[in-house]
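Mind looking over this structure? Questions follow.
Letters are used for the chains, namely A, B, C and D, taken in the order the chains are written, and counting of residues starts over at 1 for each.
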Amino acid sequence: MLLGILFIASIAMIKQKKTRVLFFGDSITQAGVGPQGYITKLSDMLKDKNLDAQYELLGAGIGGNKVYDLYLRMDSDVLAKNPDVVVIWVGVNDVWHKASYGTGTDPDKFQRFYEAIIKKLQAKNIKVFICTPAAIGEKTDFSNELDGDLNKYAGIIRNIAKNNNCPLIDLRKMTLDYNLKNNTDNKDRGILTTDGVHLNDAGNNAVADIMYNALFK
Amino acid sequence: MLLGILFIASIAMIKQKKTRVLFFGDSITQAGVGPQGYITKLSDMLKDKNLDAQYELLGAGIGGNKVYDLYLRMDSDVLAKNPDVVVIWVGVNDVWHKASYGTGTDPDKFQRFYEAIIKKLQAKNIKVFICTPAAIGEKTDFSNELDGDLNKYAGIIRNIAKNNNCPLIDLRKMTLDYNLKNNTDNKDRGILTTDGVHLNDAGNNAVADIMYNALFK
Amino acid sequence: MLLGILFIASIAMIKQKKTRVLFFGDSITQAGVGPQGYITKLSDMLKDKNLDAQYELLGAGIGGNKVYDLYLRMDSDVLAKNPDVVVIWVGVNDVWHKASYGTGTDPDKFQRFYEAIIKKLQAKNIKVFICTPAAIGEKTDFSNELDGDLNKYAGIIRNIAKNNNCPLIDLRKMTLDYNLKNNTDNKDRGILTTDGVHLNDAGNNAVADIMYNALFK
Amino acid sequence: MLLGILFIASIAMIKQKKTRVLFFGDSITQAGVGPQGYITKLSDMLKDKNLDAQYELLGAGIGGNKVYDLYLRMDSDVLAKNPDVVVIWVGVNDVWHKASYGTGTDPDKFQRFYEAIIKKLQAKNIKVFICTPAAIGEKTDFSNELDGDLNKYAGIIRNIAKNNNCPLIDLRKMTLDYNLKNNTDNKDRGILTTDGVHLNDAGNNAVADIMYNALFK
């Protein structure tokens, strides 16, 4: 994350204005700006460190969004806001909606849209951080129905990070590790999420911690 | 279609150059530029009427495309070609891939992407014609598995045509009417298609006829 | 229906006991024994005609049942009750659960289980009436998402009726005809159903009427 | 496996006739009686140990079978053959067909049909061995799309084994362990299977080995 840190720090110094960090995603990010949300927690952490004068955090999450929905609304919801940094967190619905609605996203198209978003952002000299999807179900005995597919998409995102020079925030790995330690009862929810997908308070804390380290340290 | 006719005619006169008509779609349109394809047939019809000096026809179909795939590639594959007229024909995969891969398109998002494409084209003063999807199965006893959903998406497209001032080429209605007359044996393919979806020779003729009337008469 | 009538009448005379009619199905039949249910209405109609001494009506519906669920529980829930007549009404979940849970029934296996049930019942000299599934959505513009598949399974049941000497109660046809007349606003529910599938009061009346004619006239 | 061994041995002694072992399953078991199939290999192993006079092995696998298909044909294909031992191996299609055809099996119904089969067999004093499904995809990085659901159904079968006094042959565990050792390249097929599901020669050997130990040692 060192490069990311230096990069953001340098933006902050040169511009003499607040570095604008935009969080771009689905319902999880939409909830991130709520009172207990991970973006709100990040803001509080910056205040605690007296860094709040240097950073402005913006949420741009919409429930149900898949990668192509992000692509469709990136002009109005991202570029129009002139962010210095964009954190993309998407993928749960691309997998989940396959079974629930028959409207998930094919893996090759997932990659294509994801990289098209990154290219457009990088062309504007926006620093792009990308995240793996955290969880659809928290069971630790490898029986979450969609884990195989979710791991596949997480793998695609890890490759995208490498090939497009984007720092990776591996929420999938963080969630799996956290659950292996803390979910010895093999619960399907309630550890980091309320419902297997959306963050509870512990989840918002865990995500805020890993993001703080990636973005601001 | 009168407005469309006048419009295309007027483009032809003012510009003193060939009116460029681009066909934008999926595998059906990809096959449309083949030796027996509907776009090739349209070219032949224009030659027969000595209108080939006035029009240039271009195919831009890619197999497996859904509406959001068209949106993703419209800069490189459509706008870069400077067409005067674009004929959009998409929708079969948006419905079909729900059951076959779990990766179809939600109806609300189908409409959103479709209208985003139209708006971008119209902003460049490109005349946009839109088509309903023809068929997924040709049975006439109302037992094609996906007919209900296909009719729903055809209905969405008819509304889009009305609300966005786009002439409609109703291939769905044409196909249903043709089959009711000519498919009394309730076959699931072989009337206008080879496989229920892709056009056979009769299908390419029927599509070329209805498109000729909509575009060039 | 004449044969069915004579048959039931003859049972009643010979046995000098109540003819036992059992309704075997899913949640629609489970609700059929409720205060406003179609089985309750049938009982009331028999009372009105002073035929209640001749017939005993039994419900054996369980929510979510598909054809193979009926097969699994037919010993305990049907044969153990010694019915003279069984009315089978199943099929909605076999189609519906394909999209909603990925657990519908293949058409060839639908037929195989259906005929296995009939054979077991007929081997005990039980008279078997079979019904087509009524509706999944009541729209009249042919855009109910599952209509094509539902019509296909209705067609399979009509063939089963012919090939196995079972009187057919064509609830699918009845529902379509009723909606074409009474649902000119193209509503997706509220005509014969509360939710597109389960019967409202008008639906219970309509089903009771067509069943009364098939079973008791 | 000790009880199972003693049981089979005792049958062999008392009856003074061959102990009949029937393998009941899907396409994997159907291929098991082929020249390189696991049942053929088991026969060869019995010959090598001079035990072939004591055992008769029968295959009863049909491609595409799910648990309820086994239930439907158990009278004709199993009970009619008077086996002393039945080895049930089913589950791949119950999971796989969810995504591919929308016709998989709900977990609660999977268990219900499975236990109904066992009860019928045990009521005839037939010894029942049951197997977990081996694999749908052989990748070792936890990204086989259906692994989560397959593990869930394997877990259901392990519980059924416990609760119904059936020796368990845990092919799922065997396959995972084998792949972790031998599939360091994370291939999706070609280790124990030809296509991720059906056994190759190594797969037939591995299955024959584990079954021999469970059934005949």
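The criterion applied here is as follows: contacts are C-beta pairs under 8 Å (C-beta built on N, C-alpha and C of every residue); 3 or more make two chains touch, one makes a residue touch a chain.
Keep in mind that this is a model prediction, so the values were computed, not measured.
Its C-alpha atoms fitted onto chain D, chain C is found rotated by 180°, rounded in steps of 5. Because chain A and chain D carry the same sequence, their contact can be compared by residue number, and over half of the numbers here are used by both.
Ranking all chains by how far their C-alpha centres lie from the centre of chain B, first place goes to D.
Distance between chain A and chain B, defined via averaged C-alpha coordinates, is recorded as 38 Å.
Each chain gets one centre point, the mean of its Cα atoms, and the points for chain B and chain C are 43 Å apart.
Annotation for chain A: residues touching 2 or more other chains are 98-99, 102. The touching residues of chain D, counted against chain A in their complex, run 98-99, 137, 141-149, 151-152, 155.
Put simply, chain D touches chain C in their complex at residues 68-69, 71-72, 97-99, 101-106, 109, 112-113, 116.
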